[in-house]
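Next up is a structure, given as structure tokens.
Order of writing sets the chain letters: A, B and C. Residues in each chain are counted from 1.
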Amino acid sequence: MIEIENLSKTFTLHNQGGAVLRVMEGAALRVAPGECVALTGASGAGKSTLMRMIYGNYRAASGRIRIGGLDIVQAAPREVIRLRRETLGYVSQFLRVLPRVPTLDVVAEPLRALGASQDAARDRAAELLKRLNIPAPLWQLSPTTFSGGEQQRVNIARGFAHPFPALLLDEPTASLDAANRAVVLSLIDEAKARGAAIIGIFHDEAARARVCDREIDVSAFAPKAAA
Amino acid sequence: MTDTPLLSVVGLTRRYGAHLACGDVSFDLWPGEVMGIVGESGSGKTTLLRCIAGQLAPEAGRVMFDTRADGPRDVLRMSEPERRMLSRTDWAFVHQHARDGLRMGVSAGGNVGERLMAVGARNYATIRRSAEDWLTRVEIDPARIDDRPTTFSGGMQQRLQIARNLVTGPRLVFMDEPTGGLDVSVQARLLDLLRGLVRDMGLSAIIVTHDLAVVRLLADRLMVMKAGRVVEAGLTDQVLDDPQDAYTQLLVSSVLQV
Amino acid sequence: MTGTVQQADYNFAYLDEQTKRMIRRALLKALAVPGYQVPFASREMPMPYGWGTGGVQVTASVLTPQDRLKVIDQGADDTTNAVSIRRFFEATAGVATTTRTAEATVIQTRHRIPETPLRDDQILVYQVPIPEPLRFLEPRESETRKMHALQEYGLMHVKLYEDIARHGHIATSYAYPVKVEGHYVMDPSPIPKFDNPKLSDCPAIQLFGAGREQRIYALPPHTKVVSLDFEDHPFEASRADHPCSLCGATDTYLDEVITDDAGGRMFICSDTDHCEARRARGHRGKDAA
């Protein structure tokens, strides 16, 4: 489902004398449907950078990232937009939403974008929020005022609202209590069971051990000549 | 996914005397897409928008629009009646200042109904029902249908302008700083409304703004302009999070983080 | 009433022949494009704007020594405006004048169309204050011209919409906009909307002159003129719901006349000639002496 070959990344800092930072070279990995792969490596090794490149958020310097047959590195913006809407989900560490939009609609949004009716999308959103123990009275409020843990769970509900065939999870269990952590892990299990290819970053080793089939140390993709 | 862009701009150039306002701008906009154009004041973004929308004549270039009847046609070579008809039906233009886009001496209902009457609606009750429906959709109390926009707040005026523009079900909306001059809380409400309308109506939109937060929330794609040239274009979050061009990097790093 | 001897110091009908030629050209163009406002070089006339300088110039340009002129103001032949204009042409053109609609060949009018049906050997000249029907909604002349050219008349209905929204019905009661031969929207001058149906398919030539605004427009004989309206709020040629107190007519446009300070009032025909003619034929209203 997800195939990465010979991927490299550089940052050119035009406003700092044009310094070129080479942060990744020769990255390669494959994730099959139903498989969950963890990215590991020390802080700064490039886990998030790699994940952002897979999502198309960072531009690759060279190489290929094929997701469901589309090479993100070469794809036109509209192809990436469609991929993100239909195929590739992403649960980031931070919830970025419009102020004022009720939590229920924030979670329903990915389904609405795919043309689901408001009622159907809200039903699914309610189901997930309930499962993730967000109290119903909060559903009509904007999540911008929520605690960090609540925001995290809203973000997860949003990421799992549509059954994406490919999922990127950035620290999905961080700052969650044991009960909610268990819910998230079972959501991941269910996604795997329906055939989703998942790439995740988990600092939580126990969680990683429970849901991940393999680990890939991104330190191996560090540029060889880099200082 | 359709293979015909809704709008295809090719080599659009406009000068003011020796000054290049926008030079050789090309892009495609696909159905349902929202594209942001950002850049500092004087970078040519508003000139570009007005050239595309047929309000200003460019010196060179083409603006191909996928018309309902005849497929892609160069808007710049259309006759004036055709172009004006297009801007009353399939196109909409939301001005920065609601006063430029509303008739301040006409009631809210009359403002919304004008475009319907312009395309031949002649049934008062039907027009009024549409106006009420649209006021509700833009979150204005329909009881205020007979009030003039002069009695509305800035945010309400802007929402009324949007209702007035969208009532004929356009496919392409041009917006020039739609949230400029509004309070932050009012901006958020407007952005939410716009996003919902864009999604529910399948609108395509081009939004000119200098506010990067606005494009992050509304636009799928982003074009960065400097001194009349497009210096970078791509997915909105990619351009903002991993800017490639020197100017874009400067622009993004200049924004205050909240 | 017959014309006095023409004063020798003036050219026939006051205007010089070059000016009349210029105005006749504008009139011919206006007749060729019914409802279209033709600009013309309006002259200073020896009367203030608002007293019918446009109508007077049109009348001066179409008048021949054989014509018989009638001048009415709000339907009456004896108001200051009507009397002065009639005297003006008696003095400068020496033409015969009349108050009888049927006897006139040229009728200059302000605010009315005579009740007596017009014939194909007659010319009706309207005095027009503001010729542009779109003016109150769109102040830019460049824009209104474009709107006429492209027939973008949605705005006209906005005005009627506003009427209904505010009053529950189309409250515009005079200068009610019309569409001419399916193209130009035209201001029929401030005639009551009761007169609007008489504009259409009229055998006489109808000429409109706006002196201050320097515009001439026209309706050739038998032009189709339709009053704008909504399907569910159709045009109605309304009148006061009374018979004329003097002649008893029930099909004429009436003026309300306050007769005392105790609320007494009567309704009488605004067209004085028509009313007199009816009374001469023996018709009597309830207050007729």
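Throughout what follows, contacts are C-beta pairs under 8 Å (C-beta built on N, C-alpha and C of every residue); 3 or more make two chains touch, one makes a residue touch a chain.
Remember, predicted model here, so these are calculated numbers, not experimental data.
S.K.: Moving only between chains that touch, what is the shortest number of steps from chain A to chain C?
M.R.: 2
S.K.: Suppose every chain is reduced to the average of its Cα atoms; which one is closest to the average of all protein Cα atoms?
M.R.: B
S.K.: Let me have the rounded angstrom distance from the C-alpha centre of chain A over to the C-alpha centre of chain C, please.
M.R.: 76
S.K.: So what's the Cα centroid distance for chain B and chain C, whole Å?
M.R.: 46
S.K.: How far is the middle of chain A from the middle of chain B, if each middle is the mean of its Cα atoms, in Å?
M.R.: That pair's centroid distance is 31 Å.
S.K.: Counting only residues that touch at least 2 other chains, which ones in chain A make the list?
M.R.: Counting only residues that touch two or more other chains, chain A contributes none.
S.K.: Sort out for me which residues of chain A touch chain B in the complex.
M.R.: Residues 11-15, 52, 56-59, 77-78, 80-82, 96, 98-101, 112-113.
S.K.: Which bits of chain B are touching chain A when the two form their complex?
M.R.: Checking each residue of chain B against chain A gives 1, 30, 33, 185, 188-189, 191-192, 195, 199, 216-217, 220-221, 234-235, 237-238, 241-242, 244-246, 249-250, 253.
S.K.: In their complex, what parts of chain C are in touch with chain B?
M.R.: Its residues touching chain B are 137, 146, 150, 152, 154-155, 157-158, 161-162, 164-166, 229-233.
S.K.: Name, in rising order, each residue of chain B that touches chain C in their complex.
M.R.: Touching chain C from chain B are residues 80-81, 84, 88, 103, 105-107, 109-110, 113-119, 122-125, 127-128, 145-146.
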